[in-house]
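Read through the structures below before going on.
First chain A sits with chain B, and in the next complex the same chain sits with chain C.
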Partner chain A sequence: MTTTTSFPFPPTYNFPPFFTPQPNSNTRLSQLEKWSSLIQAWCRHHRQYRLSLVDAIDTPLFHNALLRKRLDLAAARDVLDWMTKSEEEGGGGRRAEWLDASTGGNAAPKSVAYIWWRRPEEWADVVADWVENTGQRGAVLTVYELIQGEATVSQDFHGMDNDVMMKTLNILVKRGKIQIFGNEGEEGVKFF
Partner chain B sequence: MFFKSLDLTTALRPLLLPDETLLFVQDAVGLYEGKYKIPNYQNGHAYLTSHRVCYVATEDPRKYCVGIDLKEIDRAEYQARFLTSSPKVTIYPKPQNTKNDKSRSTTSSPAIPQQSTLHPLPHTGPSKSPSPKPINATWICPICTFSNPVPSNFDPATATATTNLPPCLACGIKPPFTTILKAAITAAANRDPPLPDASSLAPEDSTLTSKGRRDATTAGSVSCPRCTFVNHPSLIECEICGAPLMPKGAASQLDSGGSRADSPAPFFQQARIVNTEVSESIKLSFRDGGEKTFHERLKDALVQRKWLLQNAPPVPPPAQVTSSPGTPAATALESPQPAAPRVSAVGIAGLEQRGLEARMNNQLVIGNAFEDLEALMASAKQIVALAETLARESGMATNEGSAETNAVLSESVAALGMVTTKDMLSSGSETLYLSELSRNLAEYLTDDRQGILQREGGIMSLIDLWAVFNRSRNGVELVSPSDFQRAAELWEKLKLPVRLRRFKSGLLVVQRYDWSDDKTVRQLQEWMEELRQIPPEEPVPWDWLIFGRAVTAQETAQRFKWSVGVATEELEMAEDRGVLCREEGIEGLRFWGNYIVIPSN
Partner chain C sequence: MSRRGVGLGAFANRTQATQSYATHGANLRSTHLSSLQTQLSVFQSLLHTFALEHSSTIKSNPTFRAEFARMCNTIGVDPLAASNVKGKNSRRGLGEGGSFWTQIMGGDMNDFYFEVAVRVVELCRETRAENGGLIGVEECRNRVGVPAERYGSLTILCSYRDDILRAVRSLEPLASGFSIVRVGSKQYIRSIPKELNTDQATVLEAIQVLGFVSVSMLRLNLTWEKARAQTVIDDLVADGLVWVDAQGPEKEYWSPQNLLDDSG
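For the complex of A and B:
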């Protein structure tokens, strides 16, 4: 959220009805899709992996100061709810995921969500490709090195949320590409 | 008696003539000529009006509809149900001779005032319209040399050898066709040049151009068309040869008959039976009841002879002395009806005097009208006119806003003649009542004189219509809301030019039949497009070139002249179709073009 470049909002952001939940199902679907892509674009721009609704509700994302229009908390939660569902369920293709009250640290449910501007599976591909391309198969890296190391500065996953990285790595484990060892908080990763 | 073509209204009911009123309606009626059923005329509505008996078939009503003038009807007989035969009302046309006598006495009444007392009803007194066809030609029977009248429906232009000819009245032998044809042509040739001085002799009788009077040297005598003997005017038949004398007004009937024969084309195209002569009788077969009421009302109508009133002058007000002898001003109002010589006065005195006179006149009219029911019927026209002006005046006096409403309401009194009441229908047939009410409503709505729908922007809520319609009935024979709704629901079924529409919220509205949601949507879209062209009055934070401007239900109602309720429903309908989208804000609900779905560039 500390980015200096301003985020380019889509034209619909300046359309007042965009901030009112539409009763027509077709219009509503289109509205949700537009909101979903706006939230994803916003998070990608700001390198944000999780979105706290209470904090974000007053950011320009949900509050158009020019129009004096805002998406209220309930409506924003509806949008995120829709994003968490898969397309088969009539949702937005699991582009978000609510944090459990325990893991999120926040007491209220559905207050913080991961925003998957890249799904964990996609992140896994990105990481695997990077290992492949840099010829590091067989190497051993710590998770800290993956996220914060100098070698990954040019990569999208540099500075990634630790929990998101762990989800990504777990997927790679399941695929048999890596092995994780070490204690919690000091994990190391061996690439095959 | 002829079957005449009918003009139908938008609601497929007979178009009534001025002053004609609807008396009775019955459905499931079949038509017979003589003993035989007429094809295609076996299931329809029979309308009895004060002037006509009309028949409109249920299937293809524009093609199969006919009317018969009551003035050509001699009598009607009732025939009860017998085994499987439905009850029937038989209508007999006026035969030649009796007709002649009747018309004679009727038409000559202005000339001979004492004869008018013989009339059963006062209505018929001053009129001269109901003149039947005269006997204008005779043929000599080659067998017995008896002078027979040529049938009045015999037209030399169209008759052929196969035309049905009546036998000789004396010996009963059918004459050769040429004999009658010659007689008819001779008579027509004699009749054609009208006498120029006939009208000058009797200027009040403009129809007096017949041959019967062409040789008259004085206004009083009548020369016989056959033997030229000059008879006394009060005689009906010639003193010498017994030929019927030409009655007054006969020529006009002949002329109208002639013009009908000249242009038979439009009639024949419509249906076979239109314009055909009914020689014997016609029957109306009532498969679904109602025959008794029909018969009674038909008899009443035949007695009342409302058609005579059409051109009748207003009933002369009786002498002032008899009705209000005590009033001193009454002497000044001896004849208030037409331009009475009035003492001219100027200034306030003149105005006051005129006001006084008007009040006196009103009092007189009202007083006379309520003297007895008969008189009320006679002065109905005046009373209605008076009621209209009174209503208008009171509306002006109370407030400006309601003046227009009052005007509409009082004017619609004129439409009362078209209103179907339960009284007009036999009590049992609820469906008939509803269908007639439904047609009534459709006519009321589509009537261009009132333009109810136009004023409401082509769409009107059913409740508003119910209120307006019942108010136009002036508190008589009001329609219950449930009947009203059921009648409105019949529009679709009866294929009438209006339709009932239910909005999502359950609001029922009335629209023209050809009006659809697509048209409304198109109108709204055009408006939205327009808003993108016009710069907003105040600077707006959004790009109005792309998004245009929001509209409220009020603005929409104003623009399309809808009521706000209807405008809201139409906007929501458009939203439902994805054309518009909504914005809820502190200003209330506003609608935009749907640029959420539509690509906004």
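For the complex of A and C:
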């Protein structure tokens, strides 16, 4: 993923203690919220749907070269862990989801996570709205067309991670809005 | 001094003299009182006229508003105190219903301050985890703005600290625990009723000046014992008033005040 515009970091990013896990629990909570929104903004900016900790740990996201401060791997994992939990569990509202070993390939557990700057349910709304607004009910599209097709270039879900799109579509199936058919890797979608 | 009479008649004379002094005194007092009352009412009506005449300036110009409010305070008219509020702030002679502001501004000045107050409360609550319930008046001012169009064609922008201070003061009758504290050169709104001790205030002041502090800095600059410096800092951390940076050679403690520009 390459983007031409540089990511606008929030002022928090230039606050040195931001990179040290805070001992006070209230302060810590505030810090986790700030990290969560930073990570989401970062991924949204770079159209990134999953974050590999090992790869990201040396990027500007976790490493402020100017301040010479960094969030280390364990601390970054704690932030993502917090993001995966719901607010009822005292977490960050399920804004991340670990890929388990089976779906995440050969990587160790808790090394790659989806970052839900839009949760799959929210993506489902976006796709459903698009179908509605473009009068495509009853149409049949392949998943590839949905992600890469010319018709979706202006849409936020254009170029989306394939797995995330499948999660999104599965939600729409549950809602009875679409039907998925075809073999794995070349699925088609019919909109109702 | 009057000549002292002799003989029995002197007693009668003395009683008489005392009586006439008393009457005369009472006369003087009442004249004074009535003239003062006249002066006061004249002054109040002048103030009233002035306020009416300049109401648009008062509303639109924060400096002017602050000066006007200051003038009101000097002569003992609390612009915010409503006459139906019981207590030391209630003043007689200002008519019924609503405060001085309400009378002269037709209500929206009070609304204005209450709206500012509501925003201040919201901001304090939102940022409490971040700053431990202590927020700089300046930082608050930068974040609290009232859209001008809400008040007709007049531009009311809450751009002066005076407005913030006044709004916080308007919360006092609610026993809300919101108060203004001064640390060093800065004023803060404290939304958690907790006293800072002298040492804590000193450390916060040092952070204002230096950006951050560490235990050894406190020992060097204030010649504190290590234990004293550490205790104060631990207390500040426990209250969420400072954040720790543990990635330097020594732990550094920073004030979260400048995080506020971070409008999430």
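To be clear about the criterion, the second predicted complex is superposed on the first by the 190 of 192 C-alpha atoms of A that agree within 3 Å, B and C clash if a C-alpha of one lies under 4 Å from a C-alpha of the other, contacts with A are read in each partner's own complex, and residues count from 1 in each chain.
Throughout what follows, contacts are C-beta pairs under 8 Å (C-beta built on N, C-alpha and C of every residue); 3 or more make two chains touch, one makes a residue touch a chain.
Just so you know, these numbers come straight off a predicted model, no measurement behind them.
Per the definitions stated earlier, placing chain B and chain C onto a shared chain A by superposition produces a clash between them. When the shared chain is aligned, chain B comes close enough to touch A:66, but chain C does not. By the document's definition of touching, both partners, chain B and chain C, reach A:26. Of the two partner chains, chain B and chain C are each touched by A:34. In the superposed model, A:15 makes contact with both chain B and chain C.
Residues 11-12, 15-20, 22-24, 26-27, 30-31, 34, 69 of chain A lie in contact with chain B in one complex and with chain C in the other.
Interface of chain A with chain B (complex): residues 11-12, 14-20, 22-24, 26-27, 30-31, 34, 66-67, 69. Put simply, chain C touches chain A in their complex at residues 127-130, 132, 212, 237-240, 243-248, 252-254, 256, 258-259, 261-262, 264.
Of all the residues in chain A, the ones that touch chain C in their complex are 10-12, 15-20, 22-24, 26-27, 29-31, 33-34, 37, 68-70. By the touch rule above, chain B contacts chain A in their complex via residues 541-543, 546-547, 550, 575-576, 578, 581-585, 590, 592, 594-597, 600-601.
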